[in-house]
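Note that chain A is present in both complexes that follow, paired respectively with chain B and with chain C.
Let's look at the complex of A and B:
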């Protein structure tokens, strides 16, 4: 965590662009302004160097904390985890690209433009590294103004309409965000995000918080049907504005879902998941279908953004490690690919002064280097294997299929539409026969353009073939987030009735009693069956044998107690669960022996049911369906058991496989509390 | 079966990858540009051939390039089946380059650098498909072929060219995105891996437990795979192939007799044998429906071919029909049938490329496309029509030309499985094949020329075009006499 250079990295990264903007006062000419901003942006990139020392854990790192307004509970706290560090990188790397692609594009009010650009970077880095809700909100709002100005001053012909629409939409969302922030403060007594992320709120509260967050973030993402501001804004914004909009601004919405909605309102998130998934699928299909019909290149890419961000939200709301990994990866991809595509649209606009596809035909002949980059980013955009687009899309689709085959199959046409609209526009631009002899005098890409296209091009291929470079950074945070989500969701689960939890108190007594209780519970369930008698005998015989090799146990009849015992013995040793996560009310570390009992607390009922039906827990590798040997179970019980087993399986997976992430999470909470006091 | 980790098999892939860029570099220096293809083809062929002893002795070469996700890698491997395809592609690339030079220069085609570049990339894709060790690698190279053959199909850049090429792309990319992608995802979700079990055609990727617990999902995956691999031109996803005939004839020859369609049937064979395995195919009852669909395609495509007068259209439908022989054989999963099907990948490649080369040579020499107008042409172009006749015999399945051997195995396989209807389809198609190939030959040699066609002015196409087609027809005959050339590799692959 400690870098050799001891400066507060995140604060410096956040405020250096602001300082650079102030220094712009001294720039005498337009050229000096551009050069200074470029240098400042490269210094910003260099200043991010210590961030490379990011530890691949789920902890918040590079923490900074200063008292701000203690009487209101405000602190100036910055820090990044695996999810936000990537977004910080993205914001920082976008800046030089924006400066370069505006070099000739922006011809008037040059100084103001660059000030706006630098201020936006300050706000972007601030949003992604703020650990205090109010600080977050300040940066969130601060971003709105320069973005509004950028569209309103340097935009196209219809800029007034587009900028006001953008402003009103996002402002509406922000208001609700503020309401949610105040509500959280009242309920939890803190603005500190890592604390809020592990606080257990009652279901009703979560429900309303989720709704407020949802409106704010869904507008930002944007999710269908809140997307209409985006095409207008994109089309009117100057190239650099579109790049920031696509690369960073939209990510703030999905980042919000990950940082606030899921951890603070887990049960409500689950409650709303079907709706969220439906909206995501709608965004994917609708965005793709509308993109296919566009004749304006920029509008086409804008609608493709709606579809791409649909993949991100879909990944988030299936709540699996794969899904969230895919979502974050897709956020990064979309930033790189769509950002690059917008710079290319800007480049071609500078030459043809039109964004109409029909006016940009036959570019393969006149602008081969341009077409090469366009083709590369186009392929990446529709998920061509070997590019980064494929990895993100694949992870999300795989997660969707894991959730349900129906959702997976629904998303697939979206993947096809992506190929369709990209290939359509690419082939037309490369091969179309221009009506008039246009383009004779157009120059192919200049060195400056090569400079800012080379980086995303390299990233597209590199991340496509070696995505582990990014996945390694995000995975600990994702796993911890998903595991924490599932546990706390289960605790606030309205489905679990009080009587379901009753066996827990009994089971807590001693090891022996626990075993006895489970055996009894298992028997009770089985007793409803015809073969109950036989089962009971088998259970009694095998129950005390702790040393039995689980891998050699095949028959359903002797699975139940053995597995219970096995689970119990294997869980007691290495697992040190964070009590902060499992049960915030209690204090003092849990002894390893009670870990299993806590597991029961989560879903004791389904545990016994699962053992009764002999669901496959071998190595906790995942649910492999019901044991075929228990087909005698009546259908009602077997389907209930199957459902329970699937759910429990997930929880067990997270508990056991990611116990590392868990202990870190606990450690973090304590550490942070300590640091703040 | 011994899997050997070896970077040796990386070289053919690298050579075919670098060659197209050298073509671009050479640019307008046409002799240098065209010799790149010659040299690269020869080197690739030699490199593949150098692996033959290892493969024949039961070894499998494997090399992992990149780890994408857990269970998903970019890995290449060469077993008996992969060897055959990796052997054919560069071999025919060399011959096709000679033919290309004659064709493209005679007709003074435009954008030849782009043409040779895309041609090279398509071969790279074909070699990649041949060497795929898992579904992801297969998918990657399969898509490379789709994208980079588009400029070849649309080469003429006229309305007809764009229309045909659009259909080509919509069918191939549409099917691969709509069906192949979810098939791959489902495989990954169900099994956690995409690796083919090398050296084992029985068990496949899906373990017995998965098949037992999710039989319907595995079936769905299978259907998606078969539908997604539209390059195999199984009905009803065959329509792109006749449309793609708007391409210059060498493209039709190499790509639509070898690289593209063979990548399709090769992938289908790979998915059936290595992806699902003969056991799963039988347990889930997937074998016979696939075979029946293939049988249907064989007969119906042949019937359509009968009605076509344009020589390339007739050859296109003949290709649709012949490709299904491969699918039928593999789908039957009986040892004899599988051997017949896989042999047909090689045999059909050599015979069909002869036919397309012939059609192109006729076009260059006389600008004739209509079969009705070719009366008496054989006497003016004896070499071309002689080779054409030999290749036709192979299509019909007359001994001793190679088509007979594969058909023999297929018929035996159908008998082994006691599938009377499929047997009738196979035999019936023989009659249909004769029905549409014999008339061409008959007209060319035995009918009096049409007075409106100035037959006497025509003579053989340039030597660099005639030589390759004579060679491929000779190879067709040789393969008929020595079927062991390919068969040994198939035996090594299937453990027969």
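Let's look at the complex of A and C:
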């Protein structure tokens, strides 16, 4: 498929809108401007066709890389994985919707408006496909300018205040992002995001990096105390501006958390997780409660955005596969649903010239088609089963319950609030009694409006009934991200960081195992139980080594009982990895086949942990079809070998590095043939 | 020490400027008898000279470094790069002042004569590698500029600004000279090459204090806090065209000298820490003061105080990358300021001083000028994809990890302060309409939107964005040049 369409898809998708914007200079009339932008946006959608060939693995795909400023190691690198490819789709599909919903809404400075619209698409696609930190930052900041102009020129009465507030807030947030980028570059020697994602940073460094990222992303999302720019911007922005703001711009913040905070500062993410979860829950409850009291439809949806994005950040910061899946699903949902709701507000504003609920009563009578769409998106917005909103919210809430019942219980009222404020406004708009016989002359939805509402409506139903369409795409990336997160988090565990390379005393070693439960690096503590061999193993005790005592792999066993079973039955003979020979400790026969039969509930997360503690995944290639019950896993498993080999070998590097330092002090029993250059 | 090594071939830019000065001098003499000839010469000479000098500077940039005049004069990659900047900036400044509205026509030849003298002094400064030579070149460049400020006709403010510039300049010069005498007394040499080997710690207080004082003179040129106070007043008082020159060209000279002196700095030492501190204060003060200005040139004056601080950030790490970043930022500074001043000069059809309100409705009057102004403003903030962003990124990258992480954070936080007043430029140009009873409304259609003015804005705007997108060729050349200085 892609052999016939062999062009740099992501570059074309990023820069085609820019080219189209430049070509707009030649448009002679307002009509020509609109038609050309619409054509250009449809071409953009068509150009995204090769993206459908996206392989359902966690690898970055459609990679492009050119040197940009080799003096500083800057590259022009683009690529998407399961997380970003959906956001790219979302950005692209938003464009024609925006063109259509501005067709009559925008009446002045038409050409400039469409130029801003196209530039925004360039920046949005760029943000989600950039694989170089600086490139990411360029697009991230570049988006501000057209968005600012869109609010400041075509906004409502209070546009000056709203636009400046928007610009100042978001720019102030991203100033420290630049500091973080510079610091990462100096620390890791690269701007290349996939490399940075598997780099192990010291805990203290992670701590500050996380804070810098947090400010930038939390303002963008926006999370509870940083949200005040959002209602102002949403209310004042023209319909198309609100759509892009809701559908794409807010996603950049949560995308940042997923792409940067979790992989690059995992230990710090864990450290801050309680705060992040608290803020998320606060956003959900606060956004919902405030939305309930709004009389302005747009403001209501704006505050509902705060609540919905709270679900996204909550899902991210419980660090489970389910949570992150739910978060990404919710990102997509919010983009579709809230974007559509804003177009509807724009449509009704064109008729009633008011966004006040009280001025838009009884529309069920005059605008039935409008109310149908409003009802549909409203239901989806509060997560009614059968709509896509349900899937995302359910996954997040389920993950929250798994994390802690208390969090789950706190979130439930948030979900109920959503139903309350949506139903309240829908009820009034559909059946309310207008004071005067307004609205008789209003025309129901026009063809253009049908056109741009049909797409999100179809998606709402389709994704609600067949969520696997999305889940299949994101799952490998999510699993890899979550697994990688847990490994690196463990490696940067504060306990280890502080004890860094110091000889560990016997007492401490035991204590460390107890406290650092999630430390993947299994500690050699069996020796401590063998009183007879105390003298001979004295050196052994000074440090953890790669020998596995399967009875003591607390970290893994706490997280996944299946894993312990596997380890107990499997690791008996020395495993040869690319970085050294692992000499497993005393237990039963090594039989990956039996082991794998035990893994019928396997999740990739624990598989990854296995790999990090020394399981030889190349051996898994031979398992296809071994157990009919797990045969559905086989395609994924065969791709596992390749993606783990790439990503996890890097992670293993650090693990081995860390151990290697001990071996130099004579603490290790086995020989490490350390080949890292 | 080499002999009086005299190679004309490596002195082309200087020679060309000298030739232009002679031609302009003839034009001044011919002013009374043949005004047409004088006008022609005063227009042709700067154009030809700047283009030729820029070309020669580019051609000789990758040559091997040459030391001339008993090592007092060094022609190397960086000096040629700065000669290119000076020649380029001079060209734009001359085009900007093509038909200066507030200059008496008979004074035109004189104006360009002194402008060219100043540019010549700056080209000498770019190559000077000995303290006395530096001092002389600096004075040549400065004295010529002192004369330009009060040429704004019938303006008391211009006279005041001129006087301020001269008096403060003289004081700073005296300071530098005094410091120079201490350096000579303590280190027994004035050659930069030998001074790099000298002891600049506080164990040698005489020499170190002398260096501080000498740096004071340079900082005055650069308008770095606390030597900045002339800057807003002079910008405001001078005519728009002259302010464009004062804001850009002399700073290039100051930067190249600082880059040469930066070789004396060691990260972590008192002097370096002091410079970093000055940079931080200058950036913060400049931005805060600019925040409350109404007059555009005054705002740009304080903004250049902040930008002087940014440039210093590249010098504290003592790496070739840092020096190259400072040189690159000097280029960025030159381009963005010329761009903004170009637009100011176009809008102020009668040479008046502009306020933010004068920009109202610019997007309608001239989309190209407004777009270029936006590019310049966002570049001054350091927003991508502009040369201001990429220059700042490299400054920050060079300073991080050398003990000046706090300075990096100060710079970044300042972007958030600066955005407000730079954004006001864009806001007024794009979103505000002139009130019907305002002065701006009455003169609204007077904006110079000729092809010439639009072309100039477009060219500078494309450079500002283009170098932000494709910085590598230029930066690679600068980095190569700065490796000659600091391997």
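For the reader, a short list of remarks on this structure follows.
We adopt the following convention: the second predicted complex is superposed on the first by the 492 of 677 C-alpha atoms of A that agree within 3 Å, B and C clash if a C-alpha of one lies under 4 Å from a C-alpha of the other, contacts with A are read in each partner's own complex, and residues count from 1 in each chain.
Here is the rule we go by: a contact is a pair of C-beta atoms (placed from the backbone, for glycine too) under 8 Å apart; a residue touches a chain by one contact, two chains touch by 3 or more.
Everything numeric in this text was worked out from a predicted model, so none of it was measured.
Partners chain B and chain C, once the complexes are superposed on chain A, both fit on it without clashing.
When the two structures are aligned on the shared chain, A:138 is found in touch with chain C, with no touch to chain B. Once chain A of one complex is fitted onto chain A of the other, the partner contacts of A:71 are limited to chain C, with no touch recorded for chain B.
In the superposed pair of complexes, A:401 makes contact with chain B only, with no contact to chain C. In the superposition on chain A, A:176 makes contact with chain C only, while chain B stays out of contact range. In the superposition on chain A, A:415 makes contact with chain B only, while chain C stays out of contact range.
Residue contacts after overlaying the shared chain place A:384 against chain B, while chain C stays out of touching range. With both structures placed on the common chain, the touch criterion links A:472 to neither chain B nor chain C.
Between chain B and chain C, the shortest distance over C-alpha atoms in the superposed arrangement works out to 42 Å.
On chain C, the positions that touch chain A within their shared complex are 321, 324, 363, 374, 378, 383-385, 389-390, 393-394, 396-397, 400-401, 405, 408-409, 412-413, 415-416, 419-420, 423, 426-427, 430-431, 471-472, 475-476, 479. Of all the residues in chain A, the ones that touch chain C in their complex are 67-72, 74, 112, 134, 137-139, 141-142, 144-145, 148-149, 152-153, 159-160, 163-164, 167-168, 171-172, 175-176, 178-179, 182-183, 185-187.
Across the interface of their complex, chain A is touched by residues 65-69, 72, 74, 136, 139-140, 143, 147, 150, 154, 157, 162, 169, 173-174, 177-178, 181-182, 185-186, 188-189, 209-210, 212-214, 217, 220 of chain B. Partner chain B is touched in their complex by these residues of chain A: 379, 382, 384-386, 391, 394-395, 397-398, 401-402, 405, 408-409, 412-413, 415-416, 419-420, 423, 427, 431, 433, 464-468, 471, 624-626, 628.
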